[in-house]
Amino acid sequence: MCFKELEENFKDHCGIFGIYCPDGKLDVAKITYFGLYALQHRGQESSGIAVNDSGNIIYHKDNGLVNEVFNEVVLNHLKGYSAIGHVRYSTTGKSDRENAQPLVIKYRKGHMALAHNGNLVNAHIIREKLEQEGAIFQTTIDSEVIASLISRNRIKSENIEEAILKTMDEIKGAYSLLILTPNKLIAVRDPYGLRPLVMGKISNSICFASETCALDTIGAEYIRDVEPGEIISVTKSGIKSVKYNNSTKHLCVFEFIYFARADSYLEGISVYEIRKRLGKQLCKESYVDCDIVIGVPDSGTTAAIGFAEEANIPFSEGFIKNRYIGRTFIKPEQTQREIAVRIKLNVLKSNVEGKRVVLIDDSIVRGTTSRKIIKMLRDAGATEVHLRISSPPVVFPCYYGIDTPDRKELIAANYSTEEIARILGADSLEYLSLNGLNEVFDGRIHQFCTACFSGEYVTEIPENFNKYILEEGV
Amino acid sequence: MCFKELEENFKDHCGIFGIYCPDGKLDVAKITYFGLYALQHRGQESSGIAVNDSGNIIYHKDNGLVNEVFNEVVLNHLKGYSAIGHVRYSTTGKSDRENAQPLVIKYRKGHMALAHNGNLVNAHIIREKLEQEGAIFQTTIDSEVIASLISRNRIKSENIEEAILKTMDEIKGAYSLLILTPNKLIAVRDPYGLRPLVMGKISNSICFASETCALDTIGAEYIRDVEPGEIISVTKSGIKSVKYNNSTKHLCVFEFIYFARADSYLEGISVYEIRKRLGKQLCKESYVDCDIVIGVPDSGTTAAIGFAEEANIPFSEGFIKNRYIGRTFIKPEQTQREIAVRIKLNVLKSNVEGKRVVLIDDSIVRGTTSRKIIKMLRDAGATEVHLRISSPPVVFPCYYGIDTPDRKELIAANYSTEEIARILGADSLEYLSLNGLNEVFDGRIHQFCTACFSGEYVTEIPENFNKYILEEGV
Amino acid sequence: MCFKELEENFKDHCGIFGIYCPDGKLDVAKITYFGLYALQHRGQESSGIAVNDSGNIIYHKDNGLVNEVFNEVVLNHLKGYSAIGHVRYSTTGKSDRENAQPLVIKYRKGHMALAHNGNLVNAHIIREKLEQEGAIFQTTIDSEVIASLISRNRIKSENIEEAILKTMDEIKGAYSLLILTPNKLIAVRDPYGLRPLVMGKISNSICFASETCALDTIGAEYIRDVEPGEIISVTKSGIKSVKYNNSTKHLCVFEFIYFARADSYLEGISVYEIRKRLGKQLCKESYVDCDIVIGVPDSGTTAAIGFAEEANIPFSEGFIKNRYIGRTFIKPEQTQREIAVRIKLNVLKSNVEGKRVVLIDDSIVRGTTSRKIIKMLRDAGATEVHLRISSPPVVFPCYYGIDTPDRKELIAANYSTEEIARILGADSLEYLSLNGLNEVFDGRIHQFCTACFSGEYVTEIPENFNKYILEEGV
Amino acid sequence: MCFKELEENFKDHCGIFGIYCPDGKLDVAKITYFGLYALQHRGQESSGIAVNDSGNIIYHKDNGLVNEVFNEVVLNHLKGYSAIGHVRYSTTGKSDRENAQPLVIKYRKGHMALAHNGNLVNAHIIREKLEQEGAIFQTTIDSEVIASLISRNRIKSENIEEAILKTMDEIKGAYSLLILTPNKLIAVRDPYGLRPLVMGKISNSICFASETCALDTIGAEYIRDVEPGEIISVTKSGIKSVKYNNSTKHLCVFEFIYFARADSYLEGISVYEIRKRLGKQLCKESYVDCDIVIGVPDSGTTAAIGFAEEANIPFSEGFIKNRYIGRTFIKPEQTQREIAVRIKLNVLKSNVEGKRVVLIDDSIVRGTTSRKIIKMLRDAGATEVHLRISSPPVVFPCYYGIDTPDRKELIAANYSTEEIARILGADSLEYLSLNGLNEVFDGRIHQFCTACFSGEYVTEIPENFNKYILEEGV
């Protein structure tokens, strides 16, 4: 999961963090900085923090990791009593600085900053409508669409919360939002709760984060998840919650399988526990007699531990990962292509030589990396390699903020499991079943979005929708 | 004029450059880069270039000088057959990167880039109106207001030119604009022609620039000035010109006195010639018997040569200027304050010692630097220092894009000429008369804006107008 | 082991890599770049590469990680048929750019570049002697002392190998060296082989590296370890080996315990295997009945797996580590001090709550981090925490290139094991015994340096030796 | 003279500055920073400052202008009571950071920092000798040779001054040196005084600088020039001066003609005055009837004013110079080559059109720029262009620190004056005569080095001497 270096895993869009300190005693920018640090796995492309500042909003954002974008001098300029922050993974290669968040705008009622995690499925339709009415757009991010709608809806609304409710009638898709105004911090989660958002407390301050690991890091206490369709406003006079009608729980199940950090809890459930149970369930379904169980680092490790425990086969480390691959890594040339994988992973020959290996991964996207890893194992002397995947086959694209490739590139959408095993060079391959997944979630899988496995999207998907649609024009 | 290092001269807003090469044979980004180099004296805060690119617009902009913001790699990415560029002087200290130009937006009809030189006097009123209707703003620059209006007016217009004409009905103030669309380059000048804009030709390409020195630099031939109220569109099929009704010539006279580069021609008149004639006229009005004539470098030099010629007193260099003062100059501490001036200027003692000196400058703003310079001359042994200013006293603020301080900081708005002489420590002080200025322009001074001398503004000025008004809210 | 972020583990000095490609067909600088990538765990402070270039030596080095110091443009300038590279961990805070390696010098016989891993114990004495004779020094690194001696010894030597042999008579301590001359690549290992150095082969090129993981990464085949006291010269005409008299094997045992990457083989022994056996042996010696075994990430993980296997207690992950801590991490303020640990590590509460935990680490230095980690486990609900250390207590400082603190800061040098357990808040604490260590190495522990446990140094240590001695004067 | 942008003028090596503040009340690093600012015209390639610091010397240096290399943070770290600084012009393209000065070394007697302006003619011979004895070298600068000799000579000397005197016996050529030890600041000038060095006083501190303009900038009072062959030591107990035998005055005459800043005084003579007198004398020798006199900016301006005064022809500005050409200027491509000159200089057409012009420059090196400038004048409509040079023809290379090209590239060494006029496209060309030069210096030209005109070098020049000789090997 670290550094996405195999360039094969799915990619999440963003991580968001916000804090409101009524008495101004905390350094909200610095706490947001630490909170974003804990969410860096959700996005490494750009980082930004906005703080309110006596009726105004000041901000800093740029391409880069949190510790590249911010330094003491910058943080010391960001003074205020409320802050929001954002880390972003570019899903399209369009990593223009202009698309960094939070988005800060001025509208009729003053200033507003927005940080968004998720993906709207009808942003392009709304943009077109607004453009028809004369609106201009300066970025390709959904946040600008949302801000425009809130601004328009504000005209005929009593307050910003009402404007947000009206906006929620119009936007479809996944969104966890943090909105900062000069005197409010507002957290919003879409009516399906597709992307996570939790609320915490540190001394007398309220904070929000994509995952609980950010609360742990800053020393905040977890209160509860923001509910699907909920709008929580924090002001000097306290917390107010409004609910959007017809909201139901549909948190993305891949947050558990892969995206979230293992130490996080989503909807009160330990991500780590789920991963381990996925491994155990996988073993129950597709046990194979072998000498060792290894995981693809880092994402397959926990499921591998679970599998090993269930199978009563020793868990072992199969690979050593280089922890120093940075963003500006120079790619080896054609003739040195083999180096590209080996520089990131090296096989622990002494562990796998002469062994029958069960190899666990959380998912397969295109299959290119899996093939290389299996070859590395065989080259190191593994006599058998049985690949087990701790989630069902991904056969449908995600429209809610996960960067899946086109269906035609999803290996499971184009080949049978047997064919895939052959393509990857595995002796056998088994995926977790959808039933098994349900089992792991104690029969409550209907409370999660599993569209990438089933094709059953929780919202309607506009015909010919293309998640890059906003980028294309620009 | 160089590096504005004495922080005393007036500051201009911006320089703009654009080129349209119908056959794509020229490297339009690189030519724009060289064009901006020649206009760098008009703005050192930020630089940007946008090019059209098969239906799209790509751009790069950032804080910094042209040669700091651009390098070979960046320029090589900016491929297209038409480009516009911008250099900006921040007038308010708000030099946020977000305010760099060109502004690139998407609207109903696709993409558009704008580069603006000048200042609208009613931008805040329009913004407020648009915000009432739900619009959002992301910058504090007039270009965003103009782009929003063009976008809205485009709905009910046949073409973009018509939308621009409608926009010109709404915006008041000074604007020379370059607008880039995927297939057009459009030059616009406000109905008073307050800020300069010239048109040139290089091989079969058409180009526009704030000043002719940019045409000279890239080797283009000067065709003519864009006329007040004129909209010139360049497309593959050629050039089309539309005129706004009721346009009259009112080019800012300070472009001649100080802003423009001496080798430029504005409305066909040599800036250098005017400066020299200002010096001659100044001498006619306020000759004083002296040993040498010196100019405050660099802005007073040409007028000093003119004065010296008319007075038949030797012109001499009185100061040596350090050419290496960069943007990140470390200020001396309180106790080293004297160094701040001396590091920039050193007096040529051998030239002024024991001499009666006529010191020529183009204008006085607050007077702080003039006082220091006069003291330096006296310390070096000048027996008399007679200050002569090659323009009338600046007693009214400029609302059209020049960064004048508040009236209460304009020394000439608060003291008599005699009092100023005393404050500055000059033996005598004389300004050029308004009549003399008229003389220099062959009696056609009514064709120029002289509001800073006379208070007669060519547009109405909204009550309580404050040129920082857009900044304040942000 | 990653990023040394807990600032508590021991620190190694350096990693070195070199390659000689007789026909110039390989891009030696780029291969060195990849080799250094694989050795980055040995030093993150500075990086450098030198290549020979038709009678000359060109180089690039600076503070920073390999991927920060080098880019395509720089690498493309480093053309030659032989290269050496270096990554450095500053042991003293003196991370002056001037101390980056390779050191490149000119002497009587032309140019020479040196890359050094290790620490001389008599460098200060030699420097003083050379200074008495008039020599000047520009850095505080041992390489400059070694280069000076080689240069002087070269006068009365037939060839550089002879000069190196003479130099080996003078210098005492640990050194693995790579020396590049315009036509030779020379690898040298001190007579005790205190620091590792291996030789490999890729097509017809010979390469050297601190560890085999670098050979694996570039796709080279391992040939053998450079032997203690061996000088291997590679030229166009092949490989020549010379041996220093009286050499014996004394590789630093801590390379196995902690420094080396787990996938490396040193003297033909798998580092991973040793670490797992250390865990098993530790269990044999100090088994304790518990619910789970966890390792301190990342350095305790492998021993923990071994311990768990031997104990037949489930191995579990106890912590999640943030993989994005960079070099410029902003330290939390006093009041946020708790964040400093939590930002790096978060406990997996669901795994440890209500459990009796065996916690495995490779060593304890000052104990400050261990105390924090044990507290985190207790706060997360662990009912018992038994700390087991997979090496004997470190009670003596290292003089051979490991950055150990003063004896008075080494917790094991000042307290009994029982006292340490109390200080750290552990329910019990046991170290591996020296006998156990011997066991793990099949009774051959006498072939390794274990001075930090036993105080039996392989060389004499000059009285009052202080490894910072060279720094102090500068 | 500014930015050397026409790449045609001669280039000086370096500027040096030093200060000793006995009571530590002045911020010596910051004053050195301002002093170097004033000397930036002497070198723009690298900048450095070293300060003493309780027995130690700390320093910072890098490639770049003074204001690029230093910032507040860096300067605040450089605390001490004495400092030396250096700006360097790379004469060979070898602008390696390693060659930046001051050079800081440790030797038998502790630390020492050196800053050097000038060029030794026998450095290569000394290096070879020292290398024969086993010395190593890490840079290609003369300072390292000088430091090595001082270190060796120190062994058999009572004090450092004696060691310097012995070193002066060995080194031949031009050197103005500042040497910083933990408790002394020492200024040294070669026995011919080839490069300038002046002494000043600010409150109770003593300072040294290449030129008086640096004293003026920091507000110091000029005391006197350091004399040829003089060694001045400043300590807490005061100033001590020692003289080398057989010293005679031979300051480089080109310091007056071109290098020094016009407001400086060298040996008590105003550089500005000399330049003006050179113009007057030039007129006396080669008057030509014309309409205007113009100078090549900036170096020909003062002589042009002098010529104009003597000729009673109006002085006029012929060109406008772009003040914003930075170090990283992107060169126009082949097809845009004309832009390269025009971006730097634009002709003032209105001033030269239809005029007979006298064009004044200080010297001609290769002639390439002169040819372009004359063409620009003609293109702008000048009817005649008469070139007058305010110094005699440069026909011999300089070995003392001026970057002259090979003789075969010096146009005056290869063509007659008439031929040169034809090559450059001038209607006539005249140089100042050597007699005229003598006249300007009141018959004391024998007190200056004029070797570049006459070939009469003050020192013997080692056969086959090549000033790049040290670079070649590296």
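Note that the chains are named A, B, C and D in the order they appear, and that numbering of residues resets to 1 at the start of each chain.
Just so it is clear, contacts are C-beta pairs under 8 Å (C-beta built on N, C-alpha and C of every residue); 3 or more make two chains touch, one makes a residue touch a chain.
Every value quoted in this text rests on a predicted model; they were computed, and no experiment measured them.
The pairing of subunit C with subunit D is characterised as same-residue: of all residue numbers used at this interface, over half are used by both copies.
With centres taken as mean Cα positions, subunit D sits 37 Å from subunit B. Here the CA centre of subunit A is 60 Å from the CA centre of subunit D.
Mean C-alpha position of subunit C lies 48 Å from that of subunit D.
For subunit D, the set of residues that touch two or more other chains is empty. Two chains count as a pair here when they touch; such pairs are A-B, A-C, B-D, C-D. Interface residues of subunit D facing subunit C in the complex, by the touch rule stated above, are 56, 103-108, 110-111, 131-138, 144, 147-148, 151-155, 473-474. Across the complex, subunit C meets subunit A through its residues 2-3, 27, 30-31, 33-34, 37-38, 40-41, 44, 65-68, 70-72, 75, 213, 216-219, 261-263, 270, 272-273, 298, 301-302, 305, 309, 314-317, 319-320, 322-326, 328-330, 332-333, 336, 338-339, 342-343, 346-351.
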